[in-house]
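See structure below.
Naming follows writing order (A, B, C and D), and every chain is counted from residue 1.
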Amino acid sequence: MKIMIEKDFEAMSETTKNILFGHMSQDKRVNLSITAGNTPVHVYKKMVEIVKDSPNYANVHYYNFDEVPVAGQKEGITITDLRKLYFTPATIDEANIHPLTVENYAEQDKRLAMDGGLDAMLIGLGGDGHFCGNMPTTTSFENLTYKIKVTGEEPWFVPDMMEKDMEFVTMGPVSVMRVKHLILIVNGEKKAEMVKNVLQGPVTEEFPASILQLHPNLTVILDEAAASKLDR
Amino acid sequence: MKIMIEKDFEAMSETTKNILFGHMSQDKRVNLSITAGNTPVHVYKKMVEIVKDSPNYANVHYYNFDEVPVAGQKEGITITDLRKLYFTPATIDEANIHPLTVENYAEQDKRLAMDGGLDAMLIGLGGDGHFCGNMPTTTSFENLTYKIKVTGEEPWFVPDMMEKDMEFVTMGPVSVMRVKHLILIVNGEKKAEMVKNVLQGPVTEEFPASILQLHPNLTVILDEAAASKLDR
Amino acid sequence: MKIMIEKDFEAMSETTKNILFGHMSQDKRVNLSITAGNTPVHVYKKMVEIVKDSPNYANVHYYNFDEVPVAGQKEGITITDLRKLYFTPATIDEANIHPLTVENYAEQDKRLAMDGGLDAMLIGLGGDGHFCGNMPTTTSFENLTYKIKVTGEEPWFVPDMMEKDMEFVTMGPVSVMRVKHLILIVNGEKKAEMVKNVLQGPVTEEFPASILQLHPNLTVILDEAAASKLDR
Amino acid sequence: MKIMIEKDFEAMSETTKNILFGHMSQDKRVNLSITAGNTPVHVYKKMVEIVKDSPNYANVHYYNFDEVPVAGQKEGITITDLRKLYFTPATIDEANIHPLTVENYAEQDKRLAMDGGLDAMLIGLGGDGHFCGNMPTTTSFENLTYKIKVTGEEPWFVPDMMEKDMEFVTMGPVSVMRVKHLILIVNGEKKAEMVKNVLQGPVTEEFPASILQLHPNLTVILDEAAASKLDR
């Protein structure tokens, strides 16, 4: 694992954007999977400036790694967020966007294998140690892409839109281990303890992201606050 | 994971040899790590016929993945066995052999990184679920190459030459996950139950090889007997 | 370039088969392109024995690299020959066979890029120095996959079925340079002079295969006769 | 080939820097070869800001691709220029710098193979179509790293410091074709014609850089002026 500690959120975002462009600028099909949420907001703002209306990145394909469906809506939370933050302002061609859904999740690992695998995946870290939709108590390390049903008694924070009996889908630990370059970004002091747990503690399903210590090519980009509890 | 079931020990050995030659025949430096023991005996017999005195494989380097020192002897059990089975009869140049020792183990992961990483590793499976020197009760999934001291109270089979307080070294789960192509060979009915445990059961340190389910490019080659308890 | 000299046609075929199985046995989609003709006949005979009715190689996809259409027939010479020698006896699933045709050739490079690129290509050498359908006088090194019209005045041997004004298609030098592992097999004394020309002489469009000296991962497998004029 | 056209020198430099950081930020040894001269000056200025005193890039090794010795000086023109522009201000550890010299050039290709090969090479384009030290009239496409003696009658511009009978060394076309990602940067209107010649004209030793059309993973980054004569 390579840990890069940047001075603040802005520097973390700049470094992350550069790493993604390193992949995207090669002369071959590049398959990316990128995270929704707050952590990458500045990464995408920077990327939009470069990718918008550019002919240079038609070789890049985007795959979702998790999805939470919303009752009465055609698309789920993740893809909706990614469209708003990146796909729409960056004018990404719809043919290059590959959503994950409750309907197609069982084919996700095969589809990725057929398309040559993921070159890079950008993920964040949950305050409870989750990554993608791999939550404490619902994750088994031997999972490929799988479906989880909300019981309403989860020990982890359940967002308001996740009602009891609702199902969501996520790429599991085995699927994520196959990504050629895994990029984990975390910022802020309130995640500092969990950063230490998952990067320097034991590998345990209690903190699912601890399994990422086993990834063969993991780059972790932290701001100073998120790195503040690490043994250096 | 790709599971290949061959009809017998001979067919398993032939397939394994072919896979290794696929790597060795490329026009680049190829770094291999190969197992000692009984399982690969026919693999090496076949390889010796091809490699002995051949100018074609000078690009192949060999790294040990574990070692058990022997009191009063210059070299340990693993390298001694590999020399007998393969290095000596195959006339491998000493400059292409990179032993692991109790003295140099702490540099093993860095040395491999500096040399471009392992292209392939051939391993076997212990009847107790161990792989390399990763034994039940002494393995933590977050280990790189590490040293273990024999307590004399191990739940696993301790060979006669392993006395109390003796130390041995092994590449750990994190190190093995970095190998580009991992090849696991198992034969015989008495390992059939453990094959099922580690390939189709939960990932648990109780059966260390269960972690191999997470490897991004694992080929398992079994004879019919070893595969007899798998869900197919 | 790595040159492997085997004692005879049989040994050349055995080594070639092993290299191909090295690729095919990985746990990922593997894209191969294999040659028709006489040189690989024993390679395919050996492969059929292993692949026929086996569940182990469903991950392997086959792409043609050239094609000569035949008037009044649905499929061309190359694919017809490959079906006879390998695809049919090896029971390859039709979904894994990707023919090249006069109709679809303009999409070949893009299709390959979208499918993750070719992992390996097996080719032969023409007595006139051609490779794939890259013939002396019709090849430009800057070609991707292209179409050639037979003028009837070719300096190279034109098979009977190639009539004046007939068109054929082939992957060009740029396309072949993108293959991750290129495997060239040649046997027999009558090609020995051309082997020397293309492997140890100047790079020139007069002998199109001389460009292969620039391939980053080329394995050449020769029998003794074909290697007899090489400087060693 | 992937051609990226940026609006000016600054944008070209920014994109180039990002691509290099994409490589440098992975969790593995990264071998780079970077060009001296005027074209990359802003690239290095940007890189120095990030790399200087940073612990993040100790995994990056630098290899020279050509060298012109200077009478009476310990080091040649290229390495001296690179030290001034990048190695010294970026505080690169001497152990990570691998100079090419008139003395060690014959081992360059083997050394690179032993070190795992070059992950990326950044090159410029000469006004006469040269790349690295591959000059018109002295380049043969079949060259690995080689030595050239100045005759004083070169058709190409000979810098003042290159006296008659002086020798210089360069990685040749075969060596450059082995680089995993080749990055070519060109700016300015006065090179626009040559950009068109080498990227869209025939492959010919008259314009050595035309051979780069055959590289399997080439990214070309141009400013608008350098791209002004390309067929788009």
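Please note the rule applied: contacts are C-beta pairs under 8 Å (C-beta built on N, C-alpha and C of every residue); 3 or more make two chains touch, one makes a residue touch a chain.
The chain lineup, named per UniProt: A, B, C, D = Glucosamine-6-phosphate deaminase.
Values in this document were obtained by computation on a predicted structure and should not be read as measured data.
Note on connectivity: the fewest steps through touching chains from chain B to chain C is 1. For chain pairs B-D and A-D, the one joined by more C-beta pairs in contact is A-D. Ranked by separation of Cα centres from chain B, the top chain is D. Between chain C and chain D, the centres computed from C-alpha atoms are 33 Å apart. Between the Cα centres of chain B and chain D there is a gap of 41 Å.
Chain centres here are Cα averages; for chain A and chain D they lie 35 Å apart. Multi-chain contact residues of chain A, defined as those touching 2 or more other chains: 28, 59, 216.
Judged by the touch criterion defined above, the protein chains are all mutually in contact, each touching every other.
Across the complex, chain B is touched by residues 1-2, 4, 15, 17-23, 25-28, 56, 59, 181, 216-219 of chain C.
Considering their complex, residues 28-29, 59, 113-117 of chain C touch chain A. Contacts from chain C toward chain D in the complex involve residues 140-142, 173-174, 177-178, 201-203, 210-211, 213-216.
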